[in-house]
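Below are structures written as structure tokens.
One chain, chain A, appears in both complexes that follow, with chain B as partner in the first and chain C in the second.
And now, the complex of A and B:
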């Protein structure tokens, strides 16, 4: 068989695995209980590997916040000292079956969404989505949000889920795409659908009224709560398509605010990186593009499986947050068909003739067309200590795909 | 000696524009009928990538 045929066959296998992935929420558990290889005094972060000293301002701020949250340091200064002395181990989420939004920090006592891909049996994890610490803020208020998640909201949801058994996420994803979500930065529908399901579980479980009301207030008022579940679902779906020899399908896109990295199914665990790009976005009052940090977060796992920017044409409601016109958004979704391998049979966009979502990014097609994946994303400050400051659109850098193609040729040419 | 087809030059022109869209927009602005074809060189003209794609795609 010629190499081109081998690639086509491998890519077909990769996208079939993605299409047949069935994400199910099976637990909400402290990271230290469930994440393989997560050690004491270890912090996991978004994006490809990076050293503490090379991290961008927002990621450094979030790491400091994570140390304060764990009680490993009492002050930001003490936290920086531990980090500068190399006393805290730092590793990427993606190396531990996990993903995290923005700076993406995960530490042992932080409860995570545990999503199992029932078709293949693999599990993936994602942390809580919130507007402060994950963007680099480490104030008392920011840490309080993590503590409430650890002590009240997550344990209550865990108890409710235990009563429910488990929760299938594919029906929520399907409906949310039909209701105008793109599953990266617009989760208005998915979060409401999720809250409906969990409310039944909370009511049915034997939970004290105070915790019940606090948690119901949290899940019904958090219009991005499903982002963490969508990210864990995306990771569980993409991981099942990883490790197929000869496949040129992208199985991870992730950014740490310094570098943008991709992984490719047929190229093992190697990262192909380029400098993180500038996000073209809209800023919250008080901030401008001069404040903005570079592209950051594991949340591009949503685009990796065909959501986010890839379906933005079906989600015009997101444009007031990230900018652009409905016509441009439809253009992006159509454009992504040029660089992908298949359309999904279940996840569809009614606004675009109910066509399936484009998925299975092929590094060959990206390089050939010079069209790179479009991602809609939030923006963090370039310095430590700030909450979310904006949101916008960004393109994955072409250099990642070119270097992956060179590596692919070196590995497989002549076979 | 070249033969000039005067009929061609005396007819209204319909332009096919390949590649740079601004040329098509400029002609449209002058009320010239134009059909634009979206095209760019493979791999942005990067010869190393073109060689790899010849083998792999």
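And now, the complex of A and C:
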């Protein structure tokens, strides 16, 4: 068999695995309980590997917040000292079956969404999505949000889920794509549908009224609560397609605010990186592009499996947040067909005549066409200490795909 | 002032009243408690006035079902006898501030959504939306659905709403239009958002677990539950714009499966009717167009205030139900600008660059352009005894608008 045929076959296998992935929420558990290899005094972060000293401002701010949250430090100064002295271990989420939005910090006591890919049995984890600490803010209020998640909301949801048994996420994802969500920055529909499912579980689990009211208030008022579930789903789906010899399909895109990195199914655990790009976005009042940090977060796992920017044509409601016209948005979704391997059989875009979502990014096609994946994303400040400041669109840097393709040629040149 | 100016001024007033309408759910109460003029042994129905003997099959079936539900008859035969003998009074919903989906039957013990237009203080009522009795089915199962609504779901929701005080519907409507609902046949988003709100009220009202679980199951599983609320909202909004001298704006479109009727703001309570048209639709398995009854229901009150077919361009998810392409749907929404008076300042369509919904149908513009309002609607069987059999698109008959314009000329010819 010629190499080209081997690649086609491998890519077909990769996308078939992605299409047949069945993400199911099976637990909401403290990271320390469930994440393999997560040690005490260790913090996980978004994107490819990076040292504390090379981290961007927002990621440093979030890491300081994470230390305060865990009680490993009492003040930001104390936290910085520990970090500067190398007393806190730092590793990427992706090295532990996990993903995290923006700075992506995960620490042992933080409850995570635990999603199992029922088709293949692998699990993936994602942390809570919130508008402050994950963007680099480490104020008392930012830490309070994490504490409420740890002490009230997550344990209540866990009890409810235990009563429910588990929750299939594919039906929510399918429906949300028909309801104007793109499953990266617009989760209005999926969050509402998810809240309805959990409301039944909460009622059925006989949870005390105070916790019930607080948690119902949280889940029905949180327009992005499903992002954490979509990210864990994306990771569980993409991981099952990883490690197929000869496959040129991308199985991770992740950014740490300094570097943008990709992983490829047939290229093992190596990251192919390039400097994180600038996001072309709209800013919240009081902020301008001069404040904006570079592209950051594991959330591009949604684009990796064909959501986010890839389905933005079906989510015109997001344009007030990220900019652009409905026609441009549809243009992006159509453009992504040029660099992908297949269309999904279940996840469809009604605004584009109900065609399936384009998925299975092929590094060969990206390099050949010079079309890079479009990602819609939130924007963090370039300095530590700020909440979300904007959102916009960004393209994955072509250099990642080029260096991956070179590595691919080297690895498989014997054939 | 010339008559043309008087009309423009009156129409401006009519649409301003529509735009400023603020629908709020204030109660869920048995019709007999709240509907003015609803007597014992009286049934209200959809569309313009019609006698029992001239009713279409589906409406007759639904009326038989309503008698069985009220216990006024024990068998369909007995019901028919009472009706043939004129022992049951029959009047249109629209004559009692009410609207009802499809056959639209409302009887005294049936709980209704009570929506108050807070800007003007007027109230409107709509009944529960379900897939059987309102389409003409009068089986035990169909009646059971009404009984559950009367005995469990509605009283539970009423208790919850009492605890909540009231529920503003405009935020749900606004959000749902950003989420692919057109607020006539697609209510996936609005129903989900509504269920989110009611779940909190149910929890807060300390309702017993059995009723809680049954009602949460009902509201989270009913994709069209918000249609009744949208219809009551539409009626409350349109009624406030009715009765303005010189206004050529349509304030009601309603069908009884035999006749299609409209009312016009400046033309009092007169109905301008034409034979109900055939719906161009898709049929559920086992049915064909040969089974389909003619256009039926008060639900075109949604199009009257600028929703439904008028915003179908923003609701591509509905096309699998009613047929057509996303481009055609956007075309309909754009076309409706030609026959309307204004665009709404709050209700917007993200898929059309976030322009406001077109509203305030002007009978002059309809007649001048020969463009008639587009309505997307469900389809009932032509014979009594069937559930929903399909859905599709239909145009309001031009004759209604022509005869209204003639009446308008007569009424205001002295000027």
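Please note the rule applied: the second predicted complex is superposed on the first by the 415 of 415 C-alpha atoms of A that agree within 3 Å, B and C clash if a C-alpha of one lies under 4 Å from a C-alpha of the other, contacts with A are read in each partner's own complex, and residues count from 1 in each chain.
We take it that contacts are C-beta pairs under 8 Å (C-beta built on N, C-alpha and C of every residue); 3 or more make two chains touch, one makes a residue touch a chain.
None of the values given here were measured: they were computed from a predicted structure.
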Query = Taking the superposition as given, does A:7 touch the first partner, chain B, the second, chain C, both, or neither?
reply = first
Inquiry  = Quick check for you: in the superposed arrangement, does A:199 touch first (chain B), second (chain C), both or neither?
reply    = second
Request  = Please indicate which partner A:225 is in contact with in the superposed arrangement: first for chain B, second for chain C, both, or neither.
outcome  = neither
Ask   = Regarding the shared-chain residue A:67, is it in contact with chain B (first), chain C (second), both, or neither?
value = neither
Task = Applying the touch criterion given at the start, work out whether A:178 contacts chain B, chain C, both or neither, answering first, second, both or neither.
result = second
Request  = Pick one for A:311: touches chain B only (first), chain C only (second), both, or neither.
outcome  = neither
Request  = Kindly classify A:209 by the partners it touches after superposition: chain B alone (first), chain C alone (second), both, or neither?
outcome  = second
Inquiry  = I'd like to know which partner A:350 touches here: chain B for first, chain C for second, both or neither.
reply    = second
Ask   = When the two structures are laid over each other on chain A, which of chain B and chain C touches more residues of chain A?
value = C
Key: Residues on chain C engaged by chain A in the complex (per definition of touch)   = 175, 178-181, 188-189, 192-193, 195-197, 199-200, 202-204, 206, 209, 212-213, 216-217, 220, 314, 316-317, 319-320, 325-326, 350-354
Ask   = Touching chain B in the complex: which residues of chain A?
value = 3-4, 7, 248, 364-365, 367-370, 398, 402, 405-406, 408-409, 413
Ask   = Once bound in the complex, which stretches of chain B touch chain A?
value = 40, 42-44, 46, 48-49, 52-53, 55-57
